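Listed next: structures, encoded as structure tokens.
Two complexes are shown next, each including chain A; its partner changes from chain B in the first to chain C in the second.
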Partner chain A sequence: MSDGVLEYTRRNLVRRRRIVRLIVLGFTVAVLVSVHGTGFRIQDLYRGIPNILKFLTEDLLPPQFSVWRRFLGPTVETIAMSYAGTFLSVVFSAPLGFFAARNISPSPVVMQVARAVAVFMRTIPPLVWALLLVSIVGIGPFAGTIALGLSGAGMLIKSYADSIEDIDAGQIEAVRATGAGTFAVMMKGVVPQFSPSFVSWSLYRFDLNIRSAAVVGLVGAGGLGFTLSTSVRLFRYQEAAVAILWILGLILAIEFVTAKLRGRLI
Partner chain B sequence: MSVQPILSVTDLKKTFPDGTRALRGVSIDVMPGEFLVMIGSSGAGKSTFLRCINHLFEPSGGRIVYNGSDISKITGAKLRRLRRELGMIFQGYNLVKRLSTVENVLLGRLGYMSSISGALGLYSKQDRERAVELLIRVGLGEQRFKRADQLSGGQQQRVGIAKAIAQNARLVLADEPIASLDPKASDTVMNYLHEVTREENITCIVNLHQVDYAKRFADRIVGLKDGEITFIGKPEEVTDEVIRDLYGEKGDQIDE
Partner chain C sequence: MSDLKIVAQDLYGRSPMRRLVPLWWALGLTALFVASILGMNLDIARIIEGGARLVVMLGQMFPPDFSIFGRIIGPAIETLYVAILGTFLGVIFSLVVGVLAAHNITPHVTLEIALKVFSAFTRAVPALIWALLFIVAVGLGPLPGILALAINSIGMLGKVFAESIEEIDRGQIEAVSATGATPLQIISKAIIPSVTPALVSWSLFRLDINIRYSAVLGVVGAGGIGLELVRSTRMLAFDETLTITILIFVMVWAVEYINNKIRAFIR
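And now, the complex of A and B:
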């Protein structure tokens, strides 16, 4: 019988080793295929080093700080786009978040529809939304705002719904047991429990929107990104360097502010 | 024959979707003003019984008559009107933790308000004054602006009692109100529950698994075992034999 156990152990080990070998082989093949597919050649990178250094030291640096004034307008525009975009997605997502939460949703069909809407809007990246919207409503921050609003709504519906699903059912049950109507149960039983995560997720989305706002600007949807892409297209790299630093500073500043706010409100 | 039961339950059955038969035909009449205590081990069906009465669970069979009308299958506005007359007190208190103590008492008024004005918290002046009076009555006047989660367990349960009174409940369903409390807080909560409902002439059905508390407060005791009533009688009729039958040989099935 002990022979049987040994044999079983041995077979098990052999089987496991075979699986590990297969996984390693799989990864290696995948790496080789993708290197080939993308035309990645290490020697090119090596040969390019002088070019990279030249670009960094002569074209990009030093940043031409004298142009900083030109970024003031676009900065305000970026913040405004992010804020309006966040507002749009919050207004849109708050009711849908309730519909998409398993424990609150009026019916399984409504829940599935709300979740499908969220998945659809989330799967399309802000940049793609922006490309589409620029061709619909034209170049400018309006397209960017709607792009941020739509992709943000996709994320917020899911985050809201997940937070609502985590709340304490007992507190809702107790409000329901007083004979309260459905809307009153929502506002008095669900909303007080949900409000901290609501604030937290919405602020986080504002944070993300500042980053995305820079990206959607690249395709013409306004803000700092648009200014950046204009500078690059005109080969004014020293101006572009200032834009990049500016975006970095803005992201850090907003992140600092939202973190402070979140701490204060919850 | 002069006094009608406030609650008359006949052959109440509840089977959960997973096949658990929590209630296998429970029949009992509860008289107005009575302080009825249900005892039995965990899983005997005490909690399910209370939740079937106010339809937090839908009963699977049987008849429930409250105050002369059949409430076995009511829904919608009728159910809301029923629920506001039934105050429920929970083992886990179930106060809305992020609302103030006084607003938690005011939640008891939601059944008397339109859903919209309830949602907006437009409680009338007299409701607000009464809520404060009730908090003073359960010894929590000072705590009225504190958030509910800052109160101790015993205090939270007293808020639950105040809420049931604010509701003008005619029948209070208390589901293990002291199971999570220490002995001193348990005493206080049971005393308030007994005293306030006696003063207001409110009928009470209380689930307990502490037999000593049951004997101390109950007008009548019901023993529930495996979804069936195995004993109904006065507190002094609860013998050791009855307890052994309910909780098993050594009483080792009493958890918590």
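And now, the complex of A and C:
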């Protein structure tokens, strides 16, 4: 008996090691093909590093801090875009998350449709959404907001649905056994179990949106990214340096705040 | 506390005020949303006009123009190459960073802190901004994209690699070192086997992220499929835009699908 178990474990280990080796081999081939395809050479790194250092020390530094006031407006705009985008995706995803969860969904067809919509929305990168939306609603933060909302909804529908699928079915049964209707079962059996992951995922998305919001501006969708790309286009690198520091500070600040909030709410 | 109040609390588990807390949150968050939208100084007329433009644009998008496939397949492959090389360089450098920054095996605490700060910095600056900087520094072509993805990957992978190494069972290292193994042997016999699955899994995950970035690098001028996308929207050739968007979708989705399969195997 124990020999059988040992043999099974050993075979599993051997099989596992073989698969890992196969993956490493596949990756190596992919890397070699890519090196060939892009004409990348190791010398590029040697050549690149001095260039980058030169650019950093001569063009980018020192940051021209006197212009910092100019970034206040775009910073607020970036936060507003991220928040509004997150809000839209949460409102949109909360019902669809229920539809996409196997244990709650009214029908398998609805579940598949909701999941397919989610895959579509999150697989297209936020910047591509932003680019498309800029050509529809024009340059400005509205395009960015909708872009963040769309790609955020794609992620949240899946995350919400996965969290709902993980909840304890016993608790739902217990509520149902009291004779509660569908709505009461949702409110008392499902929602209390789901709300910690709901809060956690939504906050995480806000955090991600700040990062995306900072770059959707590069295609004209408002916020700090727009200011940054303007500075770079005008070759005002010392201004760009300030914009980058702002973005960095904003991302770190929001990461800190959401982590604190998550700790307090859950 | 009156009897009635106790009964009420017993029935609902919470006092009426506390039961309304979710409602206050919902109202507050909605008010914040409205304030955010109002604060953007939106050109409402332009947005309403966008509704009409959307219909026109959708009309121009369909049917997608697949005849450009021959022209865009080259940039699409370049996008894949850039993602793979960026991930590869990122993984290689992150291994070094991870080993040197892991608290349990770092040669010196100062080095550990310096590397962790470095990772935090390279992680926090978005990949596209790195690309913007590298284009200025090393010129156009695939190189700035590769370097941007590599450095952004180091930020993330350096951190998680160090954390994976920190999670290794101390007993395992001691068992190997008790046999009289050299530091190099400890690394190859105790550390590498126990972190490999996590490293492979994280690296694949990063490839997944990098392909998404790589697809949009063209937006800042770093070539690949993203550049074709920008060009098509500038030329208002929306039937081409749709084809390119579909191609990006397929590429990103395929990489994610293969990755999930491999990661399920490793686990």
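In this section, the second predicted complex is superposed on the first by the 230 of 266 C-alpha atoms of A that agree within 3 Å, B and C clash if a C-alpha of one lies under 4 Å from a C-alpha of the other, contacts with A are read in each partner's own complex, and residues count from 1 in each chain.
The working rule: contacts are C-beta pairs under 8 Å (C-beta built on N, C-alpha and C of every residue); 3 or more make two chains touch, one makes a residue touch a chain.
No experiment lies behind these values; they were computed from the predicted model shown.
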item	value
Partner chain in contact with A:Gly138 - chain B first, chain C second, else both or neither	second
First (chain B), second (chain C), both or neither touched by A:Gly37	second
Partner chain in contact with A:Arg211 - chain B first, chain C second, else both or neither	second
Partner chain(s) touched by A:Pro95 [first = chain B, second = chain C, both, neither]	neither
Comparing the two partners chain B and chain C, which touches a greater set of residues in chain A	C
First (chain B), second (chain C), both or neither touched by A:Val219	second
Contacts of A:Gly189 with chain B and chain C, given as first, second, both or neither	first
Partner chain(s) touched by A:Ala180 [first = chain B, second = chain C, both, neither]	first
Interfacial residue positions of chain C with respect to chain A in the complex	29-30, 32-33, 35-37, 39-40, 42-43, 46-47, 50, 53-54, 57, 77-78, 80-82, 84-85, 88, 121, 124-126, 128-129, 132-134, 136-138, 142-143, 146-147, 196-197, 200, 212-213, 215-216, 219-220, 226, 229-230, 233, 236, 238, 241, 245, 248-249, 252-253, 256, 262, 265-266
Residue numbers on chain A that touch chain B, as the complex places them	168, 170-171, 173-184, 186-189, 192-193, 195-196
Contact set on chain B toward chain A in their complex	54, 56, 79-86, 88, 90, 92, 94-99, 107-116, 118-121, 163, 167
Contact footprint of chain C on chain A as seen in their complex	16, 19-20, 23-24, 27, 30-31, 33-35, 37-40, 44, 47-48, 51-52, 54-56, 59-60, 76-77, 79-81, 83-84, 87-88, 119-120, 123-125, 127-128, 131-132, 134-138, 140-142, 145, 211, 214-215, 218-219, 222, 228-229, 232, 237, 244, 247-248, 251-252, 255
